[in-house]
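Lettered A, B, C and D in written order, each chain numbered from 1.
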Amino acid sequence: MDLQFTDAENSFRNELRHWLAGVIPTLPGEPHRDDWVGRRDYDTMWQRTLFEAGYAGINWPKEYGGLGATPTEHLIFLEETERARAPYVGQNFVGLLHAGPTLITEASPEQKAFHLPAILKGEHIWCQGFSEPGAGSDLASLSCRAIRDGDDYVISGQKIWTSFGHTADYCEMLVRTDPDVPKHRGISWLILPMGQPGMDVRPLRTMEGSTEFCEVFFDEVRVPVANRVGAENDGWRVAMVTLSFERGTAFVSEMLQSMELARDLAQLAKRITRNGASAWDDAGLRRDIGRICAELDALWALTKRNISQAQRTGLVGPGGNVFKLAYAELRSKLGELAMHLLDRASLSIDDVGQLPTHAHVHGRIHALSLGIAAGTSQVQRNIVAERILGLPKDR
Amino acid sequence: MDFELNDDERSLQEGIRSFLTGRCPIEVVRANEETGGALDRTLWRELADVGVFSLRTDGFGMTESVLAFEELGRSLVAGPLVASHLAASVVAGAGDGSRIVGLLEPAEPVTMVEHLASLDDLIVLRNDGIFVVEPSGVIGVLAERPLDALTPITRLDDVPDGQRIGDAAMALQWRRDGMVLTAGLQLGLCLASIDLAKTYAMQREQFGRPIGSFQAVKHMLADMLTKAEVTRAAVYAAAVNIDGRGDSSDLMQTARMAKLLAGDSALFCGKTCIQVHGGMGFTWEVDAQRYWKRACVLDTHFGNSDEHAAAFSAAL
Amino acid sequence: MDLQFTDAENSFRNELRHWLAGVIPTLPGEPHRDDWVGRRDYDTMWQRTLFEAGYAGINWPKEYGGLGATPTEHLIFLEETERARAPYVGQNFVGLLHAGPTLITEASPEQKAFHLPAILKGEHIWCQGFSEPGAGSDLASLSCRAIRDGDDYVISGQKIWTSFGHTADYCEMLVRTDPDVPKHRGISWLILPMGQPGMDVRPLRTMEGSTEFCEVFFDEVRVPVANRVGAENDGWRVAMVTLSFERGTAFVSEMLQSMELARDLAQLAKRITRNGASAWDDAGLRRDIGRICAELDALWALTKRNISQAQRTGLVGPGGNVFKLAYAELRSKLGELAMHLLDRASLSIDDVGQLPTHAHVHGRIHALSLGIAAGTSQVQRNIVAERILGLPKDR
Amino acid sequence: MDFELNDDERSLQEGIRSFLTGRCPIEVVRANEETGGALDRTLWRELADVGVFSLRTDGFGMTESVLAFEELGRSLVAGPLVASHLAASVVAGAGDGSRIVGLLEPAEPVTMVEHLASLDDLIVLRNDGIFVVEPSGVIGVLAERPLDALTPITRLDDVPDGQRIGDAAMALQWRRDGMVLTAGLQLGLCLASIDLAKTYAMQREQFGRPIGSFQAVKHMLADMLTKAEVTRAAVYAAAVNIDGRGDSSDLMQTARMAKLLAGDSALFCGKTCIQVHGGMGFTWEVDAQRYWKRACVLDTHFGNSDEHAAAFSAAL
C-alpha cells in the first residue's frame, strides 16, 4: 500500500497545475445559477478550453480523443481543478461521463465519429432520458414506448429527472421496444436529437427551487432506427455498461468540497458567539465537528482505495456502494450540524450578511438528495448485502 | 388519572380540523407561496373566529390550545400563530385576528424576524421582559430565498427596543407557553408527514408491489410513528401540566421536554417523509419538503432541541 | 386529559404506602443473585405477604381472588412498591402475569380452582415453554410435538428461554398437536407439571453470565389430556389471549428505575473528573444526559397514555409496541453513555470501588436484550407498520 | 499511488491468518474463559514466532503490523498484544515472547490494569514518559466478573511509579502507534462480527426463509460492512502514513482518525451482530457477545472515540 504519488503522477500534476494557473485568471465570471443558457455557454467554453489544452476526456481512451489517463491521474485532475477553483464539468456531465463512455463501448463507427469529438470539444450537450415517473428504483420497469415504423421509432411516453433537458442537443434514451417480454429484455438505447416535433420539455422544480431537471413528454416523436445503439431490445445491457466506467472518481470533487466545508464550519464556530461565549467553547460541538472531519478523512482514504482498485482491476467494486452509503449519511450529519450552528440564519438559502448560509443550507439539501439520487440508500444497502455479502435476494 | 382526550377536547380538536380541512387545504397553503408568503388577513380573521388566538383568553386552557395548534401544524398554516396567541391577552386585536402580531427573540449569530411585511405589531421577547414595536419602523434585509417559501424572513442588524408590556417573569412564562404551543405545531407536522408518506408508500409501486410492503420503507414509517407518538405524549403532558392537571410541578422542565422531543421528531419525520418519496420527495411539487422546511423553521423558535437538552440537564 | 389522581386513587396509594412502610423493614435480606432456590423462597415469601395483606393479583379479577384494580391503581401499586424498594415479582412473574391471566380466561373451573389460588399465595412457581431454538420471532412454527396416547399427551422436543425452569412447579406450554395443518392451527396449550420423567432442564447462560433461563428437553414426557387448556389445536388463540391482559403497566417498574438511573448518572458525572475538570463541565455530555432524561420523561408520559387507554378500552393498543421500540433504543443510549463516562471502570460487571458500575453495565447489557426479547425491534417495527399504519404484509 | 495491498502485504496477512486459524480457532479462545483469562505462555511464544511482536523491530513497518493485528482481532486473541509489540524495541524478551509485557494508562475515574496476573513486566504510559514496573509489586483489586471474560481486570488505587524507559516524546509516539495497532484489532473485530452475523443470517430460517432475505436483517449487515470498510481505509491510511508512504504529514491526526472510526465501528458491529442473532445473540454460547465485549475493552485503550473526536477537532 502506498498513498504517495509516483514521479510520473507528480509531473502530470505539475503540468496541469501550471496550465491551470495560467488559464483560470483569464476566465469570464460565472453566469447566474438559474441562467441555464448562459451556463451552457460557460460550461462548453470551459470544455473547449480543456480540449484545446489536451485535457478533454481525461478518462476516455486515447483512440477516441481522450487522455487515456489512469484513475489516479483522474484523481489528480480533479484535485487540481478543485484547488484552482476551475469550472466544473457542468452541463457536459452526461456527454462526458455517461453517454460518451457508452458510445465508446457500444456505438457504431459512424455514431462514434459523429458524436464523440463533438462531446470532447464542448459542441454537444447531452441529457439523459432514463427515469420515468413510474420507474425509479425499478428502472427496468420503464414504459416509454418506441414503436418501429419503417426506418423510424415512434416514441410516446414520459421521462423525468432529465438534467439540462432544455439546453441539451442530444438525449441518451431508454425506451421499451418490446412490452411482451420480461422487463429487462424489451428495452432499447437510443440517441435522440432534442427539439423534435412532439416533444414537450418542462422544467421540474426541485425542493431547493432550482430547475436544472426537466420532465420530457413524448407524443409520437420520430427517431431514425439508425440512432439506436446496440441491438434492439439489448438496451438494458448497453445502459449497464456505463456503470463499469466508474473508477472511484465520481465523488472526488464533492469530497474535496465537503472536507473544506467541514473545516470552514470549525472556523465559523470559532467566530460565532453563543450566550456570550464562543460557540467553539462547547465541547460537544467540537467533538461533533471533529468526528465529522475525521470521518470525511476516512472516506477520503476509502476514495483512494476505490481508485486504486479501479486502477488494478478496471472496476470499483463494492467500495462504490459502500462509499455512497457512508457519504450520504455523513453529509447529512454535516448539514444538520451546520444548520444548528447557524440557527435562525439557516432559514435563508442565500448568505445572511457575513454568514456563509448558502453553502451550508444548500449542502444540507444536497445531502437529502445524496440518499436518493442514483439509487436510494435503501437500494444501496440491498446491493451491498446481496452482491457483496451474498445474502439472498428479497424475492 | 385519565390521559386520553375527553369528549370536549376531542370535539374541539375535530372542530378545528374540520375548519382547516375546508378552509386551508394544502392547495390553498401552497398557493400562498406565489405571494411570497404574504399572510391572508381574511384567513387570519377566520382563524381567530374559530378561537385559535383567543382560546386561553376565552377560558380554555393550554390543553385545548395545543390540540388546536397540532391541527394548525398538520395543515401547515403559516404565520405568527404562536405569537398572536400569546399576545391575545395583552395586545388589542391579537385575539380577534384584526391585528397580526409577530414575535422575535434576539438570537445568535443573527436576529431574524418572520413575516415582517404582514405584521401589525411586533413583540420583542427578551430575558428581561416583553416589548412591543411598530413593525413599519423595523429595518432589515429580506432574504431573497427563504428556506421555507411560506415563511419570509428578514435579517435585522439591530434588535429594536420597543415599549415594555411585560416583565422578566412574564417573558419566561411566554417562552414556556411558546415552547409548548410550538411543540403542538411540530407534532402536527409529524402527523402530516406520516400521512403523506403512508399514502405514497401504499400507492407507489416498484418491483411489482407497493413500496410500503418493503421492510425498509415499513420500518422508516414505523420509526416516524414511534417518534410522533412519544412526542404526542410529551406535548400533551406539558400542556396538561400548565393547566394544573399535571403530574409535575416543574412546568418549565416539562415544556422543555415537549419542545425538545417535538423539534427532533418533526425534523426526523420531515426528512424521512422525503426519503420515503425517493426522487419525488426532492421535488417542489410534493409537500414532503414543506413539512421538513417548516420543521427547520420551528426548531429555531423558543430555543432549539439542543438548547432545551442543555437547559433540561441544568435541573438534574 | 388529566394526569392527576382521583381521591379514590390517592387513598389507594396512601393505604398501600402505609402498609409498605410497615412491612418492608421486616423483610429479610435478599439472596445472592445466582441463588435461584433462595430467590424462589424469597419471591414466594413476598407473594404470600402480599396475599395476606390483600394485594396479591392486583390486576386479577376479584372473583378469582385478585384485587380487580384498575390499570391506574396497578400503576400506583408499581410506583409505591418501587418507591418503597419492595421486592419484585421475581419468579412469580409467569404465574401472575402470564399463565394466571390465561387460565382465568380459558381454563376449566377445575383448573382454575386448583391453580389460581396457588399462584396468588406464592405456592406455585410457573415457567414458560413457548420459544424453541427454531421458533423465535416465528413462534407459530414451533415443532415440539405432543402425540395423543389415550388420556395422555406424549411430548418430545425442546424449549428454550424458559425462565426459572429449574425452580418452577408448572410450565405453560405450547406444543404441536397437529403437524398437518397450517402452523397456527395445530398448536395446543398445556399445563405441564415440572419434574416429569423424560424432562431435562439445563441452565442457559446469558451473555451476562447469569442462568435464570433454561433449555428444556422433552423425551416422551407424559401429560394428562386433562391438563390442556382450551380446545385441542386452539392453543395459538389461547396464548394470544394473554396479550390482551397487558394494560400498559409492563414496563412501569423498569421505567422508574431507568429514570432514577439516568438522574444518578448526572450526579455521577458531577463527581467524576476528566482532565482535571468535572465531567459535568462538558456541555455535550450535559446535553446527552439532558436529552435522555427528557426522553425518559416523555416515555413516562406515554406510559400514562397507554394505561389510560387500557383503562378506557381494556386494550393498550399500538402504544405498547411504540413504547417498546422507543424504550429499547433509549435504554441503549443511556447504557452507552454511562459506559463511556465510566470509561475503564465499565470493564467490570460488579461495582468498582465507589463507582456504581454494576447498575450501568448491567443496564447496558439489559438494553441489548430489550431490542430482542418479546419481539425484536425489527418485529415491533413490522407490527407498528402493518397493524397501526395498515401497510401491506411482507408477503 | 496504489492503496491496495501489494503481494508481500497480502501474503504476510494470509500467513498470520493461516497460523491463527490453525492455532487459535474460536474454540481455543473460548476455552481460555475457564481459566479466568490467564494467558497461555506457549501460545504467546508462538505468536512471537510468527512475528506479531517483533514485526517492526524486524524491519517491517506499521502497515504490516496493522495487517497482522487485524487478524489477531478477527481471531479474538486476548492479552496485551499491543503493549508487547510496542515494548519490543525497549523491553528485553517482549519481542520474542519470552516475557509478557502489559501496559496501563492512568485514567479517570479509575485506573484499571488488564491481565495483571499474567504479566512479566508492566509499562506505565504517562504523558511525561514511559515507565516500567514489576507487576508482582502492583496492588489492586481483581474484578470478580470482568465484562470480557477473556480480559481479567484489576483496579488500582494508586498508579505505580516505576523506572523511566522513555521520555514524553516517546510516550506520545507510543500512544500514536498504540492507537493504530488497536484500531487494527478493532477492524478485525468488525470483520469477525460480520462473518458471524452473515453466516447466521444465511442459515437461520424464520417464516419459511433465511432471515438474511429480510430487508431489515440485510440492511443491518450492509451497515456493518459499510462501517467496516470505511474503517479499513482509515486504519490502513494511518499505518501507511506512519511508514512514510502516506498523504498527510500529521501522523497523530490520522492515527486519531483510525482509532475513532475503529472504536465506533467495532462497537456498532458487535452490537448489531448480537441483534442479528436475536435471542441466541444474548447467550453466552454464541460469540457475538464476545466481539461486542472486546470492542468495549478496546475502545478504552489509548483514548476512546469521543476523546479522539475532541483531540481531532483541536487541530482544526
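Basically, a contact is a pair of C-beta atoms (placed from the backbone, for glycine too) under 8 Å apart; a residue touches a chain by one contact, two chains touch by 3 or more.
Just so it is clear, the structure is predicted and the values come from calculations on it, not from any experiment.
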Chain whose mean Cα position lies farthest from chain D: B
Pair joined by the larger number of C-beta contacts - A-D, A-B: A-D
Approximate Å spacing (C-alpha centroids) for the pair chain A, chain C: 53
Distance from chain D to chain A - Cα centre to Cα centre, in angstrom: 39
Between chain C and chain D, centroid-to-centroid distance (C-alpha), Å: 37
Junction residues of chain B, two or more chains touched: 214-217, 219, 306
Set of chain A residues in contact with two or more other chains: 283, 287-288, 378, 381-382, 394-395
Chain D contact footprint on chain B (complex, rising order): 214-216, 219
Parts of chain A lying in touch with chain B, wherever the complex brings them together: 131, 134-138, 141, 160-161, 204-207, 209, 271-275, 332, 336, 339-340, 342-350, 352-353, 355, 361, 368-369, 371-373, 376-378, 381-382, 394
Chain A-facing residues of chain B, complex: 107-112, 114, 141, 143-149, 151, 153, 155, 157, 205-208, 214, 216-217, 267, 271, 274-275, 278-285, 289, 292-293, 296-297, 300, 304, 306
Touch list for chain D against partner chain A, complex: 1-6, 9, 63, 194, 198, 201-202, 209-210, 212-213, 215, 217-219, 221-223, 225-227, 229-234, 236-237, 239-241, 245-247, 254, 256-258, 260-261, 305-306, 308-314, 316
Touching residues on chain C, where the partner in the complex is chain B: 1-6, 9, 72, 75, 263, 266-267, 283, 286-291, 293-295, 297-299, 301-302, 304-305, 307-309, 311-312, 318-319, 322, 325-326, 378, 380-382, 384-386, 388-395
